Amino acid sequence: MSDLVARTRAFIRDVVIPAEPGWGETLADAALADLRAQAKEAGVHAPHAPREYGGRGLALPEWSPVFQEAGYSLIGPAVLNCMAPDEGNMRLLEVVATDDQKERYLRPLVAGGIRSSFAMTEPHPGAGSDPDALATHAERVDGGWVIRGEKRFISGADGAAFAIVMARTDADGDHPAGATMLLAPLDADGVRIGPGIRTIEAAIAGGHPHVVFDGVFVPDADVLGAPGEGFRYAQVRLGPARLTHCMRWLGLARRAFDTCLDRANGRELFGSRIADLGVAQAMIADSAIDIETSAAIIDRAARVLEDDPRAGAALSSIAKVHCSEAVFRVIDRAVQLCGGDGVSSGLPLIQYLNEVRPFRIYDGSSETHRWAIARRAARARQRETDAGAARLDRVGGPS
Amino acid sequence: MSDLVARTRAFIRDVVIPAEPGWGETLADAALADLRAQAKEAGVHAPHAPREYGGRGLALPEWSPVFQEAGYSLIGPAVLNCMAPDEGNMRLLEVVATDDQKERYLRPLVAGGIRSSFAMTEPHPGAGSDPDALATHAERVDGGWVIRGEKRFISGADGAAFAIVMARTDADGDHPAGATMLLAPLDADGVRIGPGIRTIEAAIAGGHPHVVFDGVFVPDADVLGAPGEGFRYAQVRLGPARLTHCMRWLGLARRAFDTCLDRANGRELFGSRIADLGVAQAMIADSAIDIETSAAIIDRAARVLEDDPRAGAALSSIAKVHCSEAVFRVIDRAVQLCGGDGVSSGLPLIQYLNEVRPFRIYDGSSETHRWAIARRAARARQRETDAGAARLDRVGGPS
Amino acid sequence: MSDLVARTRAFIRDVVIPAEPGWGETLADAALADLRAQAKEAGVHAPHAPREYGGRGLALPEWSPVFQEAGYSLIGPAVLNCMAPDEGNMRLLEVVATDDQKERYLRPLVAGGIRSSFAMTEPHPGAGSDPDALATHAERVDGGWVIRGEKRFISGADGAAFAIVMARTDADGDHPAGATMLLAPLDADGVRIGPGIRTIEAAIAGGHPHVVFDGVFVPDADVLGAPGEGFRYAQVRLGPARLTHCMRWLGLARRAFDTCLDRANGRELFGSRIADLGVAQAMIADSAIDIETSAAIIDRAARVLEDDPRAGAALSSIAKVHCSEAVFRVIDRAVQLCGGDGVSSGLPLIQYLNEVRPFRIYDGSSETHRWAIARRAARARQRETDAGAARLDRVGGPS
Amino acid sequence: MSDLVARTRAFIRDVVIPAEPGWGETLADAALADLRAQAKEAGVHAPHAPREYGGRGLALPEWSPVFQEAGYSLIGPAVLNCMAPDEGNMRLLEVVATDDQKERYLRPLVAGGIRSSFAMTEPHPGAGSDPDALATHAERVDGGWVIRGEKRFISGADGAAFAIVMARTDADGDHPAGATMLLAPLDADGVRIGPGIRTIEAAIAGGHPHVVFDGVFVPDADVLGAPGEGFRYAQVRLGPARLTHCMRWLGLARRAFDTCLDRANGRELFGSRIADLGVAQAMIADSAIDIETSAAIIDRAARVLEDDPRAGAALSSIAKVHCSEAVFRVIDRAVQLCGGDGVSSGLPLIQYLNEVRPFRIYDGSSETHRWAIARRAARARQRETDAGAARLDRVGGPS
């Protein structure tokens, strides 16, 4: 275990868990600020962010064990400032932003003084699973751009200082028509936030409201990267962001697993019916298998992502489906193993289950990913047979 | 479809569903009383209760389609007065109570003016999955009995008029030592209710509090059945009560299924990605299979219960495991098929999922039932081989 | 248990099982004939066939327990002459054939002196899952019809006395164009059988060969039912035939289940590791659940089939998917529970697994049925909303 | 892709697959020898074996992609001489044997001129899942040891040149009592082979016979490692041997997957019913997920095995359960997607299914592993709480 993993582990268990809010409550802003201060002091704050902007500078293949430790507490990722959507935005800014933009947006974001949003999804029939349908438009004006359009399910927007907005732009000089990313303060003229959508999970501060951009001016200095290249940059964010969700939720699954192991070790499973312990063993083993295969596919996808972003994105899609479903199963089994306590306020397990349930839907539902995974597999094989591989489905003569 | 099924179906859809409370709200007492009055007028109130005490007098094998229609609304069973634990208590009183007790307890319960509880489960290490561990004791005194003990997870106790209390009694005259059922008003001297346990589901009015009986006097006239025969009576209640849970929740699963079919027919599955519809088809088919096999095993168990209570109880155990898991899967798939709406307050699906989740734990967890099912299967086969059936696992010589 | 069920049970266990052929062997014709003679003597032969033609005359809703007893031995259905495809053909003849045809075809078939086939499936792109694509044609000639076409996967054709052939016919007098069923002796001029397709299962005598009809004359007296009505008659056969497969294989699943229970009762599971018994309990319970839900959905579908063939066919589709998959799981678990013996010639379990594996594909694969089940569910719900039912997927405003 | 992976891939596809025997046939010895000669020439023979003894010298974490390519053909691992049990024996000899033993046993084994066995498992109640029950004994005599005992399920013994025999030995000088490994030629006096156990799979040459050692003398020079240390050495073999099974079978799963993708790309799924393709997509995606998570957990376990054999063995147990079940599912889905061809001799898929089915039982059944995985998880957590970690299952007060 690396030193940072060990320190993160200790910090979460010694400092963060004792400060967790009760059933149905949320962490107060002041308490969060205080915990973040302690995290900085302990040297565990913003593990993924670049050192020169205040983070610990970990490379992507090393994130997983640290993020899992953070996710062991529902509030851990927020305390360590490695929660969605800020964490994905930090990475995007790190890769794409100018030095000036990094000073103005990345540095305060890593410091934790502000929050941010990523504004891509739109109401039907705009950009959703299919980003090509982008309806929000940014018009070229003197010295900048004017954004018009409506976004929905913009996680964290309520209270965020700025959003990275994806908008359609026309060809402009050397820049092709396409999607462009713009950095827009959310207190700008023309921004309207709300109505919010109430969802069953509560882990992301700032909810998931609609955000309307009604003629919002963004100066040239706040265009993120080159105009027209927005979809390419979105991929930069997408693959890792999927994986960090997996990492954090896997940490929570480990928490739930430890909880039911404590119950099992206390010999009170299913109302202390010793004879049922055997039935429990298969469930415990299945959870161990779910946890380790999740950790393994995350690692594999993270390593590939560094070398080959396209192959890595494909693997991150597989990892997302597997982990989101595995994590749900692990927590569901923990609920079951703790019996009545599992569904009551006495333990946080049923709350965990509600926190992770949407993960099978967010960032592309399991079904959308399965469709894409199947299509990619079929096409890859088609390329092989087109290139001369023998078709294997020819039926031999009867014998 | 029988006439009562059709009327219940119409009443639920036309009257009850429009009166359902919103996300996170509960039905007000006055609104419930008003709906019950309408249910009586429509001739659909208390379908399972004996006609002479105000019900519709359906025989057990006919309950399922009616209860499923009731369960199509979360508040339907309460409105029709066929919700747990009252419904199970009515049946127990019908079978075991004296005429006098029926007048005093069954009639007002069927009328819906009062609620009731069934007080068997105790704090560890008392009666739980293993009723033999009964710790609550009723002492013989002049003219009656005095109950001392603590019960936990007593569904509906808060606000109930009376409880059927299971207590250990010593041998007394012709009556053997054993368990005895006593009818105890919950406003009696010596009854203390609370603390409540907050659970994720809210369908049962009156919560699941602890109830302490601290020297509660029950006159002989309020002993239910013969002293010492309590466990036998408990079986009378147990098998059907398991099945009626299955019936009601299966109705809710049908509601969730219809909801996602409406979404599918509206062609907006997974954010209108038409290409994903195929992936959805397997999920829809699996839910149809879950629903129909649940309906079938309920029917089969109900028919057997009428003829052979012992075999019926065994089948009801199988039905309980299958239905509780099938119902969860059906609603979980509906959540998934409705995407972001499935986990938000825009639709009630995620609330339904939380309502049914505990059913895999209550009334014996799936694991406790599986343990019992396996043991029964192994013993039944042992009896066959003991009686001369050839053992089938003898390994033949190599060939 | 009815008398016939009990006698069948005893006959299978006392007479048939001791006569089962060894691993990789098949039952010799003489041995089969001898066993059939004993079955007739025991009054258990052809339980489903009409009494006046030599059967026991059971009504469809009573078949299941008898067929399950027959299926308890792999050779049981053949011995009792209730195996596919003969059993389905008997039913079709019973319902559709003329008295003369019954004498010539049904009577000897029930007696067991001959075997038969049902020739509908064709090579791609002819009639398969989609019967409308029927390519085989019967041309009207003087005094009869001349069949031309190729059929494939014609179960039992090798050695069968006759086949019921489905062929496309033109409009003819009062008869519409459509499909027509014809009774064709397989030793007729123009019939060519083969090549055979070798499959992993061996339960059906006569294999699954191609059959070519190259100008085969069938006299008017051997048209089965009215010309042009073939698809309607096919439905008569289809629903019950699906269910009888379920019944027979469920019997074999019970055999496998008993085998692993005997192993469990002998305390030698997983190499006698007593600590693993708990893990085994969940598997045993899951198999018990699979068996009972299969029995229940078969019963339900059979009852509905008698009253409402269309609804019954839809239910039989659900039953087929559930049972074919449940039966496979039950036998697969039995293999697993018997460890190395489960996959060796010491026990017949792995052979059973191979016998039932194709059942998930034959008679419409699970996937084709799922597609149809989903479509039926969606359309049924569409009819409800078209008729005024409130759509349930409307998203409420955020709260 | 490394050069060796690419060469192996090409060799298997260009040379080995065209030489595969037909349905139900096995590879002739002469054909195998010829293919091995070609493999040596192509530089792909014995990829895992040490270079100085004729192999390619790959380190364990690099084996997986090569072994998967080998396993893409059922006969590939035998051709490349990386099949069980020889491959595991080579590794054991590499780590434990003396130089002299390596010359006499390892070198010819790598060259492929001889085969070998690993003789540990015994008839009940001897060493099976529980190696401590070892009943075979080796008695110290002058200049060596005399083995007496019976072994069962000794894979590959029929025709093997020698076996590594595990026998119980008494304390002897510095050596503790315990298990000792001895190298015994199988043509030695006192060795009796047979009877064989016929199993459903055929991939391992030499079957799985019983082997009786009836006073077999082994000179001191043929003791493998130190007396009394046999269990420790067995661990050296065990972890990697489990993983190489996973690697090889994962290759076969990829073959089956490609086969059904070819069928899907040919648009003939489920009898060319285009409407069913959607149902197929979820199955294809699930297989892709099974394959990638299997590859990932193998990689992870192999990396950990190099650094921490104990942790690696625990992970290899998890990998074995996951991969053996995932591989079975992938091939089962391929069977299903190819419809009737999937269960017939026209395609090898059903044969593949029978080849991998025993893998869920051999080398510790899934259930035995689950039991061990659960126990390890519970104990690991117990150590954490013993060391001061807060117990997580304490129930908070009601709120």
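Going in written order, the chains are labelled A, B, C and D, and every chain counts its residues from 1.
Following the convention adopted for this analysis, contacts are C-beta pairs under 8 Å (C-beta built on N, C-alpha and C of every residue); 3 or more make two chains touch, one makes a residue touch a chain.
Everything numeric here is computed off the predicted structure, so don't read it as measured data.
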{"item": "Most distant chain from chain A, judged by the mean position of its C-alpha atoms", "value": "C"}
{"item": "Superposition rotation for chain A onto chain B, Cα-based, multiple of 5°", "value": "180"}
{"item": "Separation of mean Cα positions, chain D and chain C [Å, integer]", "value": "40"}
{"item": "Rounded Å distance, chain B centre to chain D centre (Cα mean)", "value": "50"}
{"item": "Residues of chain C touching at least two other chains", "value": "23, 197-198, 275-276, 278-282, 285, 344-346, 367, 370-371, 397-399"}
{"item": "Complex contacts: residues of chain C adjacent to chain A", "value": "195-198, 275-282, 285, 397-399"}
{"item": "Residues of chain B touching chain A in the complex", "value": "23, 124-125, 128-130, 153, 197-201, 208, 268, 270-273, 275-276, 278-280, 283, 335-337, 339-340, 342-346, 350, 353-354, 357-358, 360-362, 365-368, 370-371"}
{"item": "Touching residues (chain side chain D, partner chain A) in the complex", "value": "13, 17, 22-24, 255, 257-266, 280-282, 284-289, 292-293, 295-297, 299-300, 315, 318, 321-322, 338, 341, 344-347, 367, 369-371, 373-378, 381-382, 384-385, 389-393, 395-399"}
